[in-house]
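Pasting the structures in now, so scroll down.
Here come two complexes built around chain A, the first alongside chain B, the second alongside chain C.
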Partner chain A sequence: MTTVATWGRQLFWLLALPLVLLTLWWVASADSTSIFWPPLSTILEAFPQTWDADRIVNDALPSLARLGIGYALALVAGVAGGILVGLSRTVRALCEPSMEFFRAIPPPVLVPVIALFAGYTGSTSKIVTIALGCLWPILLNTVEGVRGLDEVQLDTARVYRFRSRTRLLQVVLRGASPQIAAGARQALSIGVILMVISELFGANRGLGASIVQFQRAFAVPEMWTGIILLGLIGVALAGLFRLVEHRALAWYRGVRRADRGA
Partner chain B sequence: MHRLFTRVARRRGRTIAALTLALTLSATATACGGDDASAGDGSGDDTTAVTVGVIPILDVAPIYLGVEQGFFADEGLDVTLETAQGGAAIVPGVVSGQFQFGFSNTISLLLATSEGLPLTVVADGVSSTGEEGNDFGAVIVPADSDIKTAADLEGKKVAVNTLNNINTTTTNEAVRKDGGDPSTIEYVELAFPDIIPAIQKGDVDAGQVVEPFLTIGTSSGMRAVTDNFVQTDPDLTVAMYFTSEQFAQEDPEVVEAFTSAMNESLDYAQENPDAVREVLGTYTELDADLQEQVILPRWTSEIDVDSVELLSELAVTDGLYSEQPDIDTLLP
Partner chain C sequence: MTRAPRTRDALLGLTGLALVVAVVQLLPTLGLVDPAYLPPATEMFSALAREVTEASFWTQLGETLRGWAIGLAAAMVAGVLAGIVIGSVDFLRKLTASTIEFLRPIPSVALIPLVVLIYGSKPASALVLVVYASFWQVLVQVLYGVADVDPVVRDTARSYRFSRRALVRRVIWPTALPYVLTGFRLAAAVALILEITAELVIGVPGLGNAIGVAQSSGAVALTYALVIVVGLVGVAVNLGARTIERRALHWHASIRRDL
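Let's look at the complex of A and B:
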């Protein structure tokens, strides 16, 4: 009984603001005659026709696949590189200035350059763009996380003669995981932005490309449906991320709770 | 010491506040730019300030020449030319009142009309030369490509500056006339300057370009396969100058003055190719050699209604819209 009530309350807090915003949009745009600001009802009507099965399969899914591959690459490279850099003072001293340099370059600027190497069309250049953009927050946060590890823990693991594999996975990776998660969350929103930006250049299909095409063809309600869809994808990805993080970092919440209790 | 610090801090705070205010003001000014831009009519002297949205390509040379020659000043117009990325970006600018006039390709104007955007054409923009092998736009391929004719473009990857504008429509028509099936072509959108490197790299099999990129391509060893504008119609009206219906109704004298100065500019440009080549250097980064080599389009003060009608039919064939818009409301 209580759980149902809690769930209900949670659902209320979750939906309250979106519902208020949607109502405001609906009311404010209801009598709009401006072509570029159509009534929300028109946009919602256009939604199912615009994003039919064909468009989902040919535009939305390939975009999401590119995002997934680019993000996964960044995650693997960022965590591996971050552990390497974080564990060794020498490597860190060597790499830190360069890392800050590359991090400061916004990936959209690199899109034409990446195209020169990875091709103007096709998925490679888009995946590289997404991966490069997502890499830095993950890498730098992993370095910070590894550097902030408890020396005593590391020493203890060494004294107990943990195997290096166990030490790496159970002590280093686990200890740094809260920071890694923070970096990964940042990278996810950057990835969604880059998924769209990478398609503005040399694309003929994809979510971002479709939105621009609608704009070029003056199909304004359809353009708005694309923007709404992007937002919904963002919400879904954030939810998915929170779910994974919730499970992976369950131990961390336990530690924090214990700390607070003590 | 402490007081000094606070004073500095306070001053800095004030500077930041002033900066923020300035930024907000300029943002607001940009946001309602439409209102101030059209102001100035009838205030004291007889000049009216108008802003025209153009694309920095060869096609708009006449308006630059006309401003230089004083044709617009003679009509009492103080013209500001603002460059935008493409015709599709200029249309919203004109509808929202940011520009009073704009330059856009015929297909984009037809598409906008079919979507219910209230536009009115005020002057011709640029037309095909009508000479095969000597037009200002063509589909180019590498010298050693096995694409020899338009029909060979079937099933190939072709770069265009905007999907679904005049360049795809006319390329499709050229392929169709040559006996090919254009629906098998995979078009990729790339900016004009990126098309030639993409062809060189082998990323795309061919690319549709206009001058000066056509001359840049052919002078670096590429080969024109088909001149898509001539193939579609020797008298093809490729682009036009337009305004919003609202502005045309509110300020008919300004529109009339603009049309008359624009037509004078178009005729002047057609009669003075050397002046055109010279003015190119003022708004493009073209070097002197290329200025001499580029193929000039044809400029005329006459809109070829038949070619606009034809493009509108082709847009239906290509599925850009299902029902032809009313051309009479678009054309003057």
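Let's look at the complex of A and C:
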């Protein structure tokens, strides 16, 4: 019985405030005639009509696909580049100031720069924007992670004549992976931002494009459904990331716990 | 680290920057990239040199920095206050955990259509986005920081009947400070990203807007010049935040060990 009580208590802590807030929103907006704040009931009614099969297939999924491709490209290039740069002190010193500069450029200004090259219609320019924006946090964190590797481990791997493939995957990549994960998490939120704003220029389909069209047409309840959908996507991606990280870094948490116990 | 390798690193870094500039110069001059897309570095720098003599440039820079600073300050105050209150009251911490976890990953750009409807291209639009995005960075770090308070220290303070104010000032604040400053560093970068986004996308006055105007009017070299300026602002923000972190924490183990 105690477990039921604990579960109940946990459920209470989990749901109490969200329920109160939703109720407040519902009640406060119930008789709202303000154009900006339509009643929550209207928004929820508009949701399934707005995001029907056509919109999901032609707007939401392509946006997410672009995000996925751009993010994956950034991950591969960032980790590979970060390992190359991180392993040599000279290369690191050579590249670091330039990389710090490129990292400091707010990623949204990539949009007008890339627009110079090929205009801003089509998927490629958007994928390039996402990939370039996500690249720097991953790259710099990988460099940082590789630099922080345990010298003894590297030497041990060398002395035991690990094959370079094994050394790279098991010692370098694995050792740097907590830092890489930190960079990948930063990159994910930048990627979501870029997914949305890359569609505000020269696109008529996509998540960001639809929401702006609703706003321009003063279709306010529909616009709110878009905001809510983007919010849900953000939450879902963050949850997914945590799940992957949790599995991939299980060994790291074990090491940390052992260190603290000792 | 001794002095010699440091000088060597600095020299290498400068060489790296020079190489980047050289590549940007050579790609268009050798005809590998159309200069209409990527003008040579010299053209970018001369556009930049012309731009810094214009009063409008400094107004735009000022607008960007002001929006960034006000938004960041508001987010810091709200984040630190909310973090300390929520973090030090067990009941509030448990109650708000799920809501914070849910609201935090909502991309702030989702709010763009809403602020456009309400404020149009006034600076208030940018302010909402900047504050929303940076508030969570600060709040979450402060919550970590308050949770990090050593239970023994807390109990000791309680046995000595510290007042609530003294507890916050003498026990909670010093423990949380490193986290507050991490939050500040992250929030400073995020605030700049959102300020520039709002200027570029919504047309709030500032450097981001200037970049958009330059690009759409075909002023290619100027577009790059302004991107360089924004990058330098970003570097200054990052370096400034790191310096503040180091100064404020000169007593703290994580910094002292570095020296």
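The rule we apply is simple: the second predicted complex is superposed on the first by the 241 of 262 C-alpha atoms of A that agree within 3 Å, B and C clash if a C-alpha of one lies under 4 Å from a C-alpha of the other, contacts with A are read in each partner's own complex, and residues count from 1 in each chain.
One rule holds for everything that comes next: a residue touches a chain if its C-beta (ideal position, glycine included) is under 8 Å from a C-beta of that chain, and two chains touch if they have at least 3 such contacts.
All of these numbers come straight from a predicted model, not from anything done at the bench.
Undergrad: Given the superposition on chain A, are chain B and chain C in a clash or a fit?
TA: In the superposition, chain B and chain C stay clear of each other.
Undergrad: For A:13, using the defined touch cut-off, is the partner it touches chain B, chain C, both, or neither? Pick first, second, both or neither.
TA: second
Undergrad: One more residue to check, A:196. First (chain B), second (chain C), both or neither?
TA: A:196 sits against chain C, while chain B stays out of touch.
Undergrad: Determine, under the contact definition given at the top, whether A:204 touches first (chain B), second (chain C), both, or neither.
TA: first
Undergrad: Which partner chains sit in contact with A:22 here, chain B, chain C, both or neither? Use first/second/both/neither.
TA: Neither partner.
Undergrad: Of the partners chain B and chain C, which touch A:121 in the superposed model: first, second, both, neither?
TA: first
Undergrad: Anyone got the angle at chain A's C-alpha centre between chain B and chain C, nearest 10 degrees?
TA: Between chain B and chain C, as viewed from chain A: 70 degrees.
Undergrad: Applying the document's definition of touching, compare chain B and chain C: which contacts more of chain A?
TA: C
Undergrad: Look at A:220 in the shared chain and tell me whether it touches chain B only, chain C only, both, or neither; answer first, second, both or neither.
TA: both
Undergrad: Looking at the overlay, does A:36 come into contact with chain B only (first), chain C only (second), both, or neither?
TA: Once the two structures are laid over each other on A, A:36 reaches both partners.
Undergrad: Using the touch definition from the top, say if A:112 reaches chain B (first), chain C (second), both or neither.
TA: In the superposition, A:112 touches chain B and chain C alike.
Undergrad: With both complexes placed on chain A, how many Å separate the closest C-alpha atoms of chain B and chain C?
TA: Least C-alpha distance: 5 Å.
Undergrad: Let me check the overlay on chain A: which residues of chain A are in contact with chain B and also with chain C?
TA: Common to the two interfaces on chain A: residues 35-36, 112, 115-116, 215, 218, 220.
Undergrad: Can you name the residues of chain C that touch chain A in the complex?
TA: 8-9, 12-17, 19-20, 37-38, 94-99, 102, 104-114, 116-118, 189, 192-193, 196-197, 200-201, 208, 211-212, 214-216, 220, 223-224, 227, 230-235, 237-238
Undergrad: Under the stated contact criterion, what part of chain A meets chain B in this complex?
TA: Listed in rising order, the residues are 35-36, 112, 115-116, 119-122, 201-204, 209, 213, 215-220.
Undergrad: Name, in rising order, each residue of chain B that touches chain A in their complex.
TA: Residues 88, 91-92, 95-96, 108, 111-112, 115-117, 157, 159, 162-165, 186-190, 194, 197-198, 201, 203-204, 320.
Undergrad: Give every residue of chain A touching chain C within the complex, in rising order.
TA: Checking each residue of chain A against chain C gives 13-18, 21, 35-36, 90, 93-98, 100-109, 111-113, 115-117, 189-190, 192-193, 196-197, 200, 208, 211-212, 214-215, 218, 220, 223-224, 226-227, 230-231, 234-235, 237-238.
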